[in-house]
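Here come two complexes built around subunit A, the first alongside subunit B, the second alongside subunit C.
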Partner chain A sequence: MAAPLGLHLEFGGGAELLFDGVKNHHVALPGQSDPWDMKQLLAWIRGNMLKERPELFMQGDTVRPGILVLINDADWELMGELEYQLQDQDNVVFISTLHGG
Partner chain B sequence: MDDTILSLKTQLLEREREIAALKKKLHQMEQGNSMLTELQEKVTNLSPLISNVTLSNEDIMRYSRQLLLPELGVKGQVALSNVSVLVVGCGGLGCPLAQYLAAAGIGRLGLLDYDVVELSNLHRQVLHSEVTQGQPKALSAAQAIRRLNSTVQCVPYHLQLSRDNARQLIQQYPLMNYCSDNVPTRYLVNDACVLAGKPLVSASALRMEGQLTVYNYRGGPCYRCLFPSPPPPETVTNCSDGGVLGVVPGIMGCLQALEVLKIASGQGSSFEQQLLMFDGQEGRFRSIRLRSRQIECVVCGEKPTLTELQDYEQFCGSAATDKCRRLTLLTKEQRVSVQEYRAILDGSTPHLLLDVRPKVEVDICHLSTSINIPLASLEDKKAEHITLLKETISNLRQQTKSQVPVFVVCKLGNDSQKAVQLLEKMSGVETEQITVKDISGGLMAWAKNIDHSFPQY
Partner chain C sequence: MCQVEEDYNGLECKQEKIPVPTLDRKCVKCKEGTAALIIRVSDAFCRSCFKEYFIHKFRAMLGKNRVIFPQEKVLLAVSGGAASCSMLSQVIEGLSRDAPKKLRFLPGIIYIDDGGACGRSQEERQRSVDQLKSIFTHTGFPYFIVPLEQVFVLPSSVLVPVTPDPDPSSPSYKHAVDQYIREHKLAEEDEPSAAARLRVEDSYPPEHKLALESLFSSLNTLTAKEDMLHTLRQHLILHVARENGFSKVMMGESCSRLAVKLLSNIALGRGAALASDTGFSDPRFGDVGIVRPMRDYSSKEIAAYCRMFDVPSVFIPGLETRTPDKASVQRLTEAFITNLQAEFPSTVSTIYRTSEKLHTVKPSESEHSEPASRCLLCVCALDTCVDKASAFHATLLSEQLSQIKLQDVSHDALRCAETQDASHDALRCTETQCCGTGGCSSNRVPAHQDLKTLLCYSCRLTIKDMGSVATLPAYITAEAERRRKRSLMKKEISEYLLEDAD
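And then the complex of A and B:
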């Protein structure tokens, strides 16, 4: 049984507009039998935080192209992407790439 | 005797140096003049930069404050004067970038932009001015640069970078900057840089945020390593849609200039595998460690499958300009022109005018008869807004005793079409008794064709 987790989620680069314009969110994930991984977190975000138009944030079970995911200030590619097992108090950032000049 | 010979030799050497410096100056001025008067409408092969080995007295005076830095020194300054740098996009990022590169003594500066200067550019594109409105941005920027430092060779390109001209252009510039604002050009510049083996100093800015990375440099990733697939076109926001505070691209453009100067003077950049994020709202810089070059990347990987430039507008499903997209979601029968709507107003036909822009835009300007319900509120079915809508419709129904005509308007006629589709799907007695159409071209078409005193933004 994995204990409940507290996470700090951040959305930026315009991704926050899908979450009522709020950039910083402190969320509590309930305890469950297996440890929480990123794939489950994304499903949880889709079920609990995304209200409308999930296709602007997700594609299949991952984020849509153009959104960069950072776990504790590192590219999630370095951390195992969807398989990364979340730890209590992890900081997860979803940043949309900007296209302005 | 020996002393005299030595002294003569020294004097001769000094004279030779002076002559070389004068020749260089003459050449630069001749080349500078012809370069500037000739706006490049297509890519040609430029004569190579003449290589400098020393600094003139004037150079020493001009650059003295940065020459004192051990990180730069004479060696670094000479290196700067021998480098050609291409700036893709002379907008909010490109202007401060070009300005600081010219001030610092870069040898040759290619300035590329397909657009012309507009009044709405001036809050952030600080090389342009009221008097250069309507001129090609590349030319406007080059003129400003010339006033600042006439020893820099400025090459203005008034053209759209494409798969046909990108490689020829990029092979003439060892250092590339991406300062443009659309996805297809971003992939195009990335691929062309990888194929030419050149680093790409890339930045972007929107609203109050900025990002910066140096791609394809010292084992770091290219843009495709991070983003193998382009974002869906509907998720891309540019400055004319999303807005931008002018100083934010200014900050990012200055950071780009810093990285270019470090690379060009041999110090190397700090951002080859880093993403710098700037949040102007929270006053925060953050540096993120990025993945390394990806083995399976189609352009920079071990077995690249992309060895020629491709059709980037097709790849990205969007156009290579920052001009707004025109959606066509509705049939002709579901739309009215601004002229037709004008006739409805003139005929005092009872109807509802629904403005679906965000409140911040309605505050800039609106038609006095409209009610405002932002598209996002319609999508979320916000209770207070739906109630307002239904009440207004039912009041109008008292007057018309038949279907209530509803006209939806936004800035350009894209969101209004989405709103028409939403309203048609909406259930409830009130919304079933309406005929809903959108005003094609939106308020900007109204300002252009009907009421010239209506503000444009």
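And then the complex of A and C:
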């Protein structure tokens, strides 16, 4: 049983528009049997935070191409992307590099 | 570590995305630091090497091209986005260095507030402007914040390319004749430029706000709106540059952005202008050169740099914000390229390198200074003087044929329009209303057909998507009218000369 996690999520480059225009979010993920990974976090964001137009943020079970993801200030491509296992107090940043956000 | 040349070389073999070994990977540059970012295809850089790489690339880009001279006044076009704001940060960085690496030009900043074309409220626009002002004030550079509504007080002269250094020793005959006609035309006509010199200020009368709204609502497609917005922005930036003695304008377009522009411009029929639309330097305006120093950076590098090194930027929603992928040709192209890039990381660099290989044939001196040989809107060389067996003429013909079928009555009118017949005016009056809101200085408003002959193929398509050309700002319609009269006059003169020769 994995303990609940506190995360700091940040949205930028226009991606914040999909989250009520708010850039910084502190979220608490409930405890569950397996550790939380990025794939589950994205599904959780989609279910709990993303109110409309999910296609502007997600594509399939990952983020839409053109959105840069940094985990603790490092490229998520170096961290295992969807498989990265989240730690308590991790900082996850999503920045849209698309024109117009 | 001069790496600009090799940045995108030798990567073609690695077309597909390579799974990256994860966690605690070392930096490819210093081999010590923990990798923080993957750039290009699969090179992982640590934080400090990435910073060094980013800063070096800017200086290398300017050094390689050698187009900006010491003490030259350079206007930085800043939109608030990450690309132009990181360009601003690189200029600040470059000016703060010690000799001999110090940049030596004199920067200014311009922001065009296009909120009026994008349906933003006055309060939203003011909030963005205030945020930008605090960034700009911090730099200590002179800055201009210009609402797009100012296009309604632009002078027509902004549409005329100015030859930078005409060689006075051997002026061509044609040039001399043109000069003569121009001077005489100026004397007899009231040029709006004399009366309406643009005052750069961040306020505008409510009638210009309405005029801008009706201009953009008369454009039927998002594709045409985006194209028109781009054109008007360019004109305003050019005008402010000329009025204030800036001889270069820096645009912050990244290579990701330029790859989208390259492909969408082909789709929009701007193939003939690709080299100047996407190259490092764009000479179309003559006296004011456009340069694109960010064209070596991907949008990922830019976004990561801004986040990691706290470059302030302001997100300002535009025409494309929150639109679906298929909303416009430009949006669709962007979605196409970003999706392809996710699977094949050398997509953007491959397109980008293609754009580097494009060159335009330099127009001759006389052609260069001849405004009628340039598109009225985008100021590129006209691509419509091609022979009869071209795709362009085939398109024209099929368009004419389809119009005849649809409305038989306009058949004669269509032909008259081509020959500038007097009866054409009757048609025009039924088509257009006077543009009272735009502060029109000309009593005659040109119709679609009048404008078309003065435009390149692509700008014709944009105008075709317009409900009424009467909503165009006065500086465009006035210049169209001037060119039309001038070509009539030239025709009369040439007829006279022919008779004389017989």
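Operating definition for what follows: the second predicted complex is superposed on the first by the 97 of 101 C-alpha atoms of A that agree within 3 Å, B and C clash if a C-alpha of one lies under 4 Å from a C-alpha of the other, contacts with A are read in each partner's own complex, and residues count from 1 in each chain.
Simple rule for what comes next: a residue touches a chain if its C-beta (ideal position, glycine included) is under 8 Å from a C-beta of that chain, and two chains touch if they have at least 3 such contacts.
Predicted model only: the values in this text are computed from it and were never measured.
In the superposition on chain A, no contact is made by A:7 with either subunit B or subunit C.
In the superposition on chain A, contact of A:100 is made with both subunit B and subunit C. In the superposition on chain A, contact is made by A:51 with subunit B only, not with subunit C. Of the two partner chains placed by the overlay, neither subunit B nor subunit C lies in contact with A:71. Using the contact criterion defined above for the overlaid structures, shared-chain residue A:38 touches neither subunit B nor subunit C, since it reaches no partner.
Residue contacts after overlaying the shared chain place A:92 against neither subunit B nor subunit C. Contact with subunit C, but none with subunit B, is seen for A:80 once the two complexes are overlaid on the shared chain.
The residues of subunit A shared by its contacts with subunit B and with subunit C are 12-14, 53, 55-56, 65-66, 68, 70, 73-75, 77-78, 95, 97-101. For subunit B in complex with subunit A, the touching residues are 89, 91-94, 179-183, 186, 203-207, 209-211, 226-232, 234-239, 242, 244, 249, 275, 277, 279, 282, 286-291, 322, 379-380. Of all the residues in subunit C, the ones that touch subunit A in their complex are 20, 22-23, 25, 34-38, 44, 47, 82, 256-257, 260, 299-300, 302-304, 307-308, 315, 317-324, 330-331, 334, 338-339, 341-342. Only residues 12-14, 16-17, 53, 55-56, 65-66, 68, 70, 73-75, 77-80, 93, 95, 97-101 of subunit A touch subunit C when the two sit together in their complex. Of all the residues in subunit A, the ones that touch subunit B in their complex are 12-14, 23, 51-53, 55-56, 64-68, 70, 73-75, 77-78, 95-101.
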